[in-house]
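Next come the structures, one after another.
You will see chain A twice below: alongside chain B first, and alongside chain C after that.
Let's look at the complex of A and B:
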């Protein structure tokens, strides 16, 4: 009983912590004239929202584009991370730690170095200014996260379960669908969401590889934030942040529902 | 196979681009309009104002599509320097045709960078029919911060530096640089300026520099080291004298104009200033500045400049970009964007060269109460200094004031 109360309080605190920065943004998005020392805006206006939602601003189209790029990046990154994570988690081979460091490298290297180096390469290949070029570029910072999550998941995964299924006559596809995937599903989901959020928040890579033609939401947001338009920044920021928060909330719900991983049997 | 194809394309493309460029430079306007039809212009421009965005994406784009069958794709950027770097990167990667950028809203240092790196398409401006409305005899139009335009860009707006104050708290602002310097010392903590190389802060420092020189006369023309040393010494003395009386005792300066605008909006400082006074009106309409914001020029003059549109050397759709430039120069569009409810930007064409109706319409334009009239500013206009002076003054400020 006491534990339930504590856990509810902890959840509430976490939710508040996540939502707090959004409150001033939400107020700004409907404020017309909010100057020091007023605690609240002198007038409310929907002008910023009506601009943000009008076709002129391109925000709605940009939201769809940002979502598409993040979703494709997430699917490809997770698909690539699955075999990599399995190999790194299960096998002990020479040079394994070197591979791990290399996998981690994009998450550690400064983004500007990656962006500048990639831009020249992508320009020569003719991939700049295209959505697929941007997806390819986003894969670089996104890949380490699902790979590391799946490495940890596969390290705890007992392949004897697969052997058992095979002994009972399951074909490789059946083993994958009925034994392996259900066991690693929470890890796959976590990795996919992390890759999605990494792509969702890219600014520099999108700007340099997209050449301005692939206008994701962070690019639009930055334009308004740097020109002192707090009302427009607030409205666009809400449109930008809410889907990401919804995605995280979905993940947390799913996580608490799913069963814990099968424990590695003692040998 | 693909590799062979790529080599063929790479070899063939520049030759083809060359002939197209020649048609654009020597062909008739009708040929250019015909070639432009059905094309798309990717116009990269500062995107921080919803009103300017709306004017371009709504009004200009609709006219361009209806009259010429050209699609306008406005791409908002935070700073034009991003676009300059983009074109530079393309040139370094050997992309001489089919570049991503068709048109840039540009001036000043960014134009100089593009000229120095040979990134601009040049020599075509005479082909635009509305070019006759531009007074190229005016040195402030023919030179972009002292760099000759040389047919490499087309003027869009003219602006002149103005100061803004809140008339509710400060009814009578100082009207000359000398009075302003006295006011700053009498009102500690109520004034500041963005640290150069911020565009606007740098322009403020040039006003002090010209004041220290006793006028702009000796500063025009190419950079003169001995003249600079003499005037710079006086300038740093003035700026060091006022420093303790600035916002936060001058221990720190805002780094951007946006930061200073915020200080002004919140009443922390009594003034803000802008190279484009129509921005004061836009800020009041957006609820950022207090409604009683008023603006003014200095009796010893304020600096003026022109901003332009430029086609990069490797633009994919030069013909369509030229048609757009010509449309922007037309009397109707220069009038449209001059309306205070649209933007309030002063024209880059010579109004006297337009029809009587257009002249009357310009004369009848309502004035935004927060925006000082362009004619009032123009009575005391200072010419911009050449780019080498700017660089020297910015470097001097960093060494002497911004340590």
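Let's look at the complex of A and C:
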């Protein structure tokens, strides 16, 4: 009995720990003058939210920009990762392990190791300060994730299903659309979401390539955070975090729906 | 030929962006800039950063942050993964919450840690209300502090769930049979864990820990928000030298970037070997 209570408490502590930094941000976003040593704000206000959502603050425009860059990065990264993941997952060829290390490298090497050289390179091409330059820069840390996920997915994929479809007269495009893609869809989705989140959270590469002209939400949030307006920082942080959390929740629901499928094909 | 054609688009982008950026960094760190007439590569940027006092202190600080974050996250993740293995009410909610950290950007988490642990933050207020301190200044400096406690708190919060997810996946793959066999042969629960389960978990645990080391070592925006003024984390110092008005500092910034890449690259080599052991390489 005592053990049950203890483990329930441990689980509660873990849940609180996982949500920990988001709690003060959420409270600050609706607080009005919340000074030390008050545990909770004495007055609530929606002023920070209405300023953050008004066109003057530029937060909504920045949200759209951040979303656009992350979506484009995710689509390009997943498209490049698809054939590469299939080759790495299904085929054995000389140099495979070298390619795997090369694919892993941008995820392991910190952004600062690339940011300086990349800025020099993009300055020469005239790509700094542009949205497309930032997308290209975000591709570097984003690419490893869909590639590694699809490598693992294709390693488990049975190509005989494709052969069967072909024997039954399916054309290559039909095989792709009706056999291959549905089979690897969960991996494709996971890889795309991970690439999206990598771009969505990117700070240093946006700063170095965007050069202050491409103001994504993390850069804007940093400006608010260092200006000492905690209520505005809280509201912008909530606006920044909620779409990513919704995205993640969607992925989890989809995954639990599709999870029983592999068992069915085992039979 | 076929695998290489399938890999070509990815490798073209990776080498064209990532490879070219690293190559340019390397060239400039040796002060080799033909465009401005510097055609004799030399090591002066490296000797400059290695003899100036600030750089090595920054490297030491970043290694401290990386080691502390990686070990604490790994230990907590191991305990969490083992606890989450059993079925209980609310397990689904907890595994869902674990994914929250993956979706929350570093900047957001860092500001949250600041509002919790700073000297006027939530915990300082609780300590004051409980009568433990008599003012904000009496609360220990846990953010912008010389020991980088705030930075490590952020990384443990952010990366502990990441390692936990990797461990949960390996635990599922391993299954309960090996431990059960050990128990039926007379092993105590601790022996079954230490001699059977832990060695099987080790490759993925070490690989995940190496990744966290690399993430925390290259931290930029987190120490900018949560770090002390001096010494700075090595990525902060490198970027500041790079944007210095004194153009002579540029090759030094490039040399710092190369040193950072080499240290993180060491982690990459270790990781590649661990993943090979975990069954990623051959087969």
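The rule we apply is simple: the second predicted complex is superposed on the first by the 238 of 267 C-alpha atoms of A that agree within 3 Å, B and C clash if a C-alpha of one lies under 4 Å from a C-alpha of the other, contacts with A are read in each partner's own complex, and residues count from 1 in each chain.
Going forward, contacts are C-beta pairs under 8 Å (C-beta built on N, C-alpha and C of every residue); 3 or more make two chains touch, one makes a residue touch a chain.
Source: prediction; values computed, not measured.
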{"item": "Touched partner set for A:149, first chain B, second chain C, both or neither", "value": "neither"}
{"item": "Which superposed partner A:232 touches (first chain B, second chain C, both, neither)", "value": "first"}
{"item": "Partner chain(s) touched by A:209 [first = chain B, second = chain C, both, neither]", "value": "neither"}
{"item": "Touched partner set for A:120, first chain B, second chain C, both or neither", "value": "both"}
{"item": "First (chain B), second (chain C), both or neither touched by A:223", "value": "first"}
{"item": "Contacts of A:36 with chain B and chain C, given as first, second, both or neither", "value": "both"}
{"item": "Which superposed partner A:56 touches (first chain B, second chain C, both, neither)", "value": "first"}
{"item": "Greater chain A contact set [chain C / chain B]", "value": "C"}
{"item": "First, second, both or neither for A:128, with chain B first and chain C second", "value": "first"}
{"item": "Which superposed partner A:248 touches (first chain B, second chain C, both, neither)", "value": "second"}
{"item": "Doubly contacted chain A residues - partners chain C and chain B", "value": "36, 119-120, 222, 226, 230"}
{"item": "Residue numbers on chain B that touch chain A, as the complex places them", "value": "42, 44, 46-50, 53-54, 57-58, 75-79, 82-83, 86, 89-90, 92-95, 100-101, 256, 258, 261-262, 265-268, 286-288, 290-291"}
{"item": "List of chain A residues in touch with chain C within their complex", "value": "7, 10-11, 14-15, 17-25, 28, 36-39, 80-81, 83-84, 86-88, 91, 93, 96-97, 99-121, 136-137, 139-140, 143, 147, 155, 197, 200-201, 203-204, 208, 218, 221-222, 225-226, 230, 233, 237, 240-241, 244-245, 247-249, 252"}
{"item": "Residues of chain A that touch chain B when the two form their complex", "value": "31-36, 43, 45, 48, 51, 56-58, 119-120, 123-124, 128-129, 207, 211-213, 215, 219-220, 222-224, 226-232"}
{"item": "Residue numbers on chain C that touch chain A, as the complex places them", "value": "2-4, 6-7, 9-11, 13-14, 17-18, 20-26, 28, 80, 83, 88, 90, 93-94, 96-116, 120-122, 124-126, 128-129, 136, 154, 157, 161, 211, 214-215, 217-221, 224-225, 234-235, 238-239, 242, 253-254, 257-258, 260-261, 264-265, 267-268, 271-272, 275-276, 280-283"}
